[in-house]
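Next come two complexes, and both contain subunit A; in the first it sits with subunit B, in the second with subunit C.
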Partner chain A sequence: MAAILGISCHYHDAAATLVVDGKLVAAVHEERLSRVKNDASVPLRAAAACLRIGGIPVTALDHVAYYENPYGKLERVLLSLLRAFPASLRQFPRAIGGQLGDKLWIVDQLAEGLRVERKRVVLGDHHRSHAAASFYPSPFASAAVLTVDGVGEETSTAIWRAGPDGLICLERLGFPHSLGLFYAALTAWLGFAVNEGEYKVMGLAAFGKPRFADEMSRLLKISSDGSFELGLEYFAHTYDSALGFSPRMETLLGPRRMPGRPWALGEIDDQRYADVAASAQAALETALLALARRAREITGETALCVGGGVALNAVANRRLLAESGFSRVFVQPAAGDAGGALGAALDLAVSRGEPRMAPLVTAALGDTADPAEAASLAEALGFRARRVDDRAATAAALLEAGRVVAWVQGRFEWGPRALGQRSILALPQDASVRDRLNRVIKEREPFRPFAPAVSDEKAAQLFDGAPNDMTPFMTTVCTVRPEHAHALTAVRHVDGTARVQTVGAHGVLAPLLAEIERRALPVVLNTSLNGPGEPIVAGAVDAVAFFARHPVDALLVEDVLIERAL
Partner chain B sequence: MSLVGRLRTLGELMSHLARRQRFFLVPLVVVLLVGGLLLLATGGLSYVAPFLYALF
Partner chain C sequence: MRVGVARLARGLPWLLPGRDLHLLSSFARAEASSLLDLLAAARQTTSPERRALYVQHALDEAKHARMFSSRAAQLRAERGLVGGDERVDFEDLFARLGEVGFLAFVHRGEARGRRQFEVHRDTFARRGDARTEAMFETILGDERRHESYTGELLVELAGKRGAKKALRRAAWWEAWRLWRRAGRFVAQLLFWAVMMLAFVALTPLGLLVRAVMPAPRGWLREPPR
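Right, the complex of A and B next:
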C-alpha cells in the first residue's frame, strides 16, 4: 500500500487530500474544520480528518506532498520587491516577514505538525499541481491543460499536454503578468474582498454592458498567439499586494467603489460599476479563449482541462466549451489553490508508478455528520427533533409547502460549491424565495444568483448544453430554455443563465429530485449551507448552530428532521 | 522545533538560489534572517533598534 497526503496552505484556502494506491480517498478544506473562512493556515485538522476517513495511521504515510516550492516563491518575492524598489519599501517588511517568518519553513511545519520524518515531505510546483489536479480526475485519457491563476512560484499561466506519459509543460507566462491578478485588481476596485469577491464580480457583470473595452485594452493587452501583458502602470501588485491597483487605474476608470456600500443597480453610479465588471469579465473571457485556442493549436487535443483560481469563473468556462474549438472541457470542483493539495498528491502518486485515479464522479470527499449528535444538541437547544422514514419525501413535502430546508447528507463537499451534501434547498419557481435567501438567510448582495440542481436525465430539456463534463461540479453555466424561464425564476440569473448542477442516478439529491418530479419539474434551488462570512457547514454541531442562527424552516441531518418548537 | 530541520531548510534554500544562479540574493537573505533572529532572540528589545536602523 502506498499512501500520500497532499497539502496546500499559506496563501488562500488550505486543504489536505489523501491518495492511497492512486485512489482519491479524502479531500478536506481546513476552513470546514477550523470554522475560519478561507483559512490559509497549515491544515493539520484537515490532514487528521483525511487520515481518519481513510483509516490510515500517520506512520503509514509514504509521503506528504506540498503543492509548491517555498524557495522559488521566496526568490520571486525578493526579486519582485527589489525591482519595484523604492515603491515596495512599505510592503517589504510584511512580505519578507511572512516569507522568512513562516512560509519558508513549511517542510519543518509539516514534519513537526504531522509527526512524520522530514525526508518524507516532498515539494511540488504550483502550476504543475494545478495541472495534475485538473487532468488526473478528468474523464480524458489525454488532454490539453490550461492553468491560470494569480501567481505560483513565478508562473501565472501555463499550457500543458497531459496523457499516459504524464504532464509536459509546453508554454508559460510569468509574474507580474497575470489574469488572476488582473481580475483581483478589478475586484478590489469594485469594493469586494480579493480572493473572495471574484464570484461577485462575475455575478455583477451580467447586470452591465461591456462599454469599457478601450480602457480594458490598456489594462490587459492580448496577443493573437494567446500571450498577454498587463499595463503595469495601472496595477500595484509588485509593490502593494493589499490593494492591487495603482492610482492610475482610478484615473482611467474613475474612483473605486467603497467596500460595504449597499448596491443600487438602478442608480447611475452603480450601473457604471456593473459596466466595468462586465468589461473586465469580457476581457478575461477574451484572454482565456485566446489561451485555449493556443493550447488547441499546439497540443492538437480535443479535450481541455482548466485549473487554477481563474478556472472557477464558471461564465468564462461556458465560453471555453462553446468557442475554443475543444469538444469537451473539464474543471474539477476545487480548481483554486485548495486543489493544489489534490494535484500534488496525484502527481506524486503517478510519478511513483501508481495507477491513475478513476474519473471523479462525486465531490463528497469530506467527513460525515452524526445525526444522533444533531438530534441531541437540537433538543438541548429547545428544537424539535425526530427521525423520519423517507428523508426525500419529507424534504419534498416541506419544499412544496414553500419552506426553506437546510440539508445535511453524507460526506461534505470538496471545493467551494455546495453540491447537495451541505445545502440550503428551496423550490425554484418563486422569486420571493430568492430574495428571502439573499437578504435574510445569506445576507448577501441582491444581484447574486442561486443555482439549480437538476436530474441529468432532464437537464437537456431545461438547460441548453447540459449535462456536460463540468455540470456535475457546477463549474460552468448554461442558458435556461425560454419555455422554462418562468418556472425557474429563482435560479435564473438576469442574463438568462444558471450555474447548473446535474445530478446522476446515484447522487445524494437524486431521490429528492425524483420525489419533486411527481408534481413539478425535477429542479431544486441549491445554495451553500453557510451564513455570511462563514465556511460551509461540516459536522452536526455546525449544522445545528447554523439552524439556531439563521431563519431556515427545517434542518435535515441524514434522517433526523429538526424544526423549531411551536 | 527541530534545529537540524531548520538548518536543512536553509541549506535547501541556498541550494535553490545557487541552482538558479541568484547568488546576489544570498547576502540579502542572510542579513534578513540574522536580523529576524536577533529580534526574536531579544524579544525586540529597544537596544537592538539602532543596529537594525543602521542596516536598513
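Right, the complex of A and C next:
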C-alpha cells in the first residue's frame, strides 16, 4: 500500500494528484491556486493542497511520479533542432535554454520543493501517462487506448492495449508529425492563443463550411493504415514553436487573422476564417477516425479510451463514438497535460501492485470553499450575505426570475470544465441571457456556445445519444432533439449540438435540477465561474472577488447567499 | 529612480513611436500582477478586516489594469494595430515576505506608482489629451488611498519603528531583486551568445543527423524509450 503524488508541469496546465492505496484522493490544477491562467510552474501549491485534502504528511509519501522523462525530451528537442538546421537558429538558444536551465532539473525541483528524498521521485513517459490517465479511471475492464497530443518525449500519437495486465504500446507516431501541432498551427493562424484557443476553433468551425478540404489534404496526409503525416513545409514547429506555421501556410490559406480583432461572422473575411476552421476540424476528425479504426483493428477491443490534449475536442469525440466501430468511448475530464499527473501516479500505483482505482464518477477532486469566510468578506465589501435553508430551491427561484447565479458548491473540479462545482448558472430558454453572459460577464467571442447540465434520467429525451460514458465530464457533444430546440436556445450551438453534462442522482447539481423540473425542463445553462483570462474560481476569496468584479446577480457559496445591496 | 527618469524624460516616452502603447501595456501588466499578489494576501492573512482591504485593493487594481489595457486597445485600433501582451507575474510576496514585509513592499510600490502617474498625468495635461489625463487622475485617487491605508496598516502591525525598519528592508529587497534581475539578463545574453556559437559548431552534426537519423514517418512499433 502506498501514497503516490503525481505531478505534471513545465509546458502548460501544471497539476498534482494524490493516489493512496490505489484510490484517487485529490487532483488539483496549479492555476486554480496561483490564479495564473494555464500556469505551467512546478505545482507546489497544488501538491500541498492534495496532501492537505488527503491528510497525508509529505513524509508519508512513498513516491512522487513525474509524468514524463525530461532526458528523452531534451534528446528529441536537440535532434529536431539539428534536423531543421539552419532554420532553427532563432529557436535553438530559447529551446535549449529552457531545457538545460529549467526542465531538465525537475527531479531536483520536486525533491527540494516538496522536501522529499530525490530517490523517491520517479520519471514516467508522457504518452504512457496519458494512456494511464484515460484507461484506469474508465469503466472498462479492457480497452483500446488512443493518445493524441502535440508531442511528448518523441511520440505524438500512440495506440495501446489496456487491460488487467496494464498498458502495452502497440504502435506510435513520432514528432514532427502531430495532430496536436496541426490544430495548434491553425489555431495560431486564426489569431487565437495556442494551448488556449483550440476550443474557440472548435466552436467557430460550426459557423463555417469545410470547403478547404484540398488545402487541408496538403497540410495533413492520412494513410490507409491510419497513420498520418504533416506537410512539414507548411508548419514551423520544428524551428519556431512560438508561431507554429510557416509563410507557405499563408500562401496556401491566405493571410493569418490578426489576434484581438473583433469577430464579424456576417462579413466575407471572417466567414472565410470560419470555413478554414470548419475544414481543419473536419480534417482532424477524419484523422482521428482513421486512428481509432486502426486501434479497433489491431486490438480487437470494443471500448476506446482517448487521452492527450486532442481528446478535449468534444466534437471529434462524438464522431469517434458514432463512427469508429467502438461501442463505448471514454474521455476523462483532464485529458490534456494536467491529466498526465493523474496517469503517472495511477500507472506507478498499478505497477507496484496496488488495486486499480474505481471508475471515475465525479470530477470534484479539489478543495472546498469556506462559506463563513465568503459571508464575512462579502459583508465587509458591502454586499448582503445570509444563510439559506434550501440552496437548491433558492437558486431555482433566482434562475426562474431570470437571474444569473454564481454557484460554488463542494470541492472544485478536475479538468478545464466547470461541472457544477464552480459554475455560472442561468436558465437555457432565453437567448438574451446567453448574449449577456458572452458580452458582459465572460467577455468572449459571440460564436462560443454555452453548455447545458441535465439530469441523466431525462437526458435521452432532450439530447440524441445522451447519456454516455463521456457526458458526465462534458467531453463530447450531443444533438439537441428538434422538439426541444426552442426551449434550449441558449445552450444549443449553431449546428444544433450541445456539450452536454449529464448529472447523476448524487451530482451536486441534482437537487437544483430536480427543483427546476417542478416547473420546467430539468436543464440549466452551466458555464465556468471565471472572467476573461482568469482560471476558474477555487476558494471563497476568489468567489467573492469574482462576484464583486462581474455583473452576476447572486453568489451562492454552499448555503450562503450573497447579493448586491439595494 | 523610475520616477526621476519619468520626470527627466517628461513627455518623451509618450512621443516615441509605439512607446505609449508599450507603457500603457506595461502598466496594465503591473496592475494585473499586483491583483494576483493582493488576492493571494487576502487568502493568507488571518485578519478578516485586512482580507477585505486586500480584496478591495485587488478590485481597484483590476479596474486599473482594465483602464490601461482598454486605452491601449483604443490607441491600437486608432492606428490599425492589433494584439497586446497579457503576461502577468505572480510573485506570492505575502508568502515570501510575511504580512509586514508585504505591506511595506506594497506601500513603497503605491507611493512610487503615485509619483510616476502624477508625472504622466501632467504630461498629458500639457499635451491637451484630457481623456488620458482623466484616466490617470482617476487612478491617482485610488493610488493615494492605497498608499495611505497600507502605511496605516504597517504602523498598526509593526509600530512606528518597526514600520520604518520594514520599509528599509523592503527597499533593500527591491534593490536585491533588481540586482538579480540584471544578473539574469546578463546571463541570458551570455547564454544566447554561447548557444549561437554552439549552434554554428554543431553544423556538421546537423547535416549528419539529417542524413543518418531523419524524422520518423509512419507507424513505429518499438515501445517508447
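Keep this in mind: the second predicted complex is superposed on the first by the 565 of 566 C-alpha atoms of A that agree within 3 Å, B and C clash if a C-alpha of one lies under 4 Å from a C-alpha of the other, contacts with A are read in each partner's own complex, and residues count from 1 in each chain.
In the analysis below, a residue touches a chain if its C-beta (ideal position, glycine included) is under 8 Å from a C-beta of that chain, and two chains touch if they have at least 3 such contacts.
Here the structure is a predicted model, which is why all the values come from computation and not from measurement.
**Q** Give one of first, second, both or neither to describe whether A:I96 is in contact with subunit B, with subunit C, with both, or with none.
**A** After superposing on A, A:I96 lies in contact with both subunit B and subunit C.
**Q** Once chain A of both complexes is superposed, is A:G72 in touch with subunit B (first), subunit C (second), both, or neither?
**A** Both partners, subunit B and subunit C.
**Q** Looking at A:R118 after the superposition, I want to know if it touches subunit B, subunit C, both of them or none. Which is it: first, second, both, neither?
**A** first
**Q** Between subunit B (first) and subunit C (second), which does A:D108 come into contact with in this model arrangement: first, second, both, or neither?
**A** First partner only.
**Q** In the three-chain superposition, say which chain, subunit B or subunit C, touches more residues of subunit A.
**A** Counted on subunit A, the partner with more touching residues turns out to be C.
**Q** Figure out whether A:A48 sits in contact with subunit B (first) or subunit C (second), or with both, or with neither.
**A** The answer is neither, since A:A48 touches no partner chain.
**Q** Following superposition on chain A, which residues of subunit A contact subunit B and also contact subunit C?
**A** 72, 79, 96-97, 101
**Q** Which residues, counting only subunit B, touch subunit A once they are in their complex?
**A** Per the touch definition, subunit B meets subunit A at residues 1-2, 5-6, 8-9, 12-13, 16-17, 20, 22, 25, 28-29, 32-33, 36.
**Q** Which residues of subunit A touch subunit B in their complex?
**A** Counting only subunit A, the residues touching subunit B are 69, 71-72, 74-75, 78-79, 96-97, 100-101, 104-105, 107-108, 111-112, 118.
**Q** List the residues on subunit A that touch subunit C in their complex, please.
**A** 34-36, 72, 79-80, 82-83, 85-86, 88-89, 92-93, 96-97, 101, 125, 127-128, 152-155, 158, 169-177, 223, 225, 227, 229, 258-261, 373, 376-377, 380-381, 533, 539, 541-542, 544-545, 548-549
**Q** Across the complex, what residues on subunit C touch subunit A?
**A** Residue list for subunit C touching subunit A: 36, 39-40, 42-43, 48-49, 51-52, 55-56, 58-59, 62, 73, 76, 82-84, 86, 88, 90, 92, 188, 191-192, 195-196, 198-199, 202-203, 205-207, 209-210, 213-221, 223-225.
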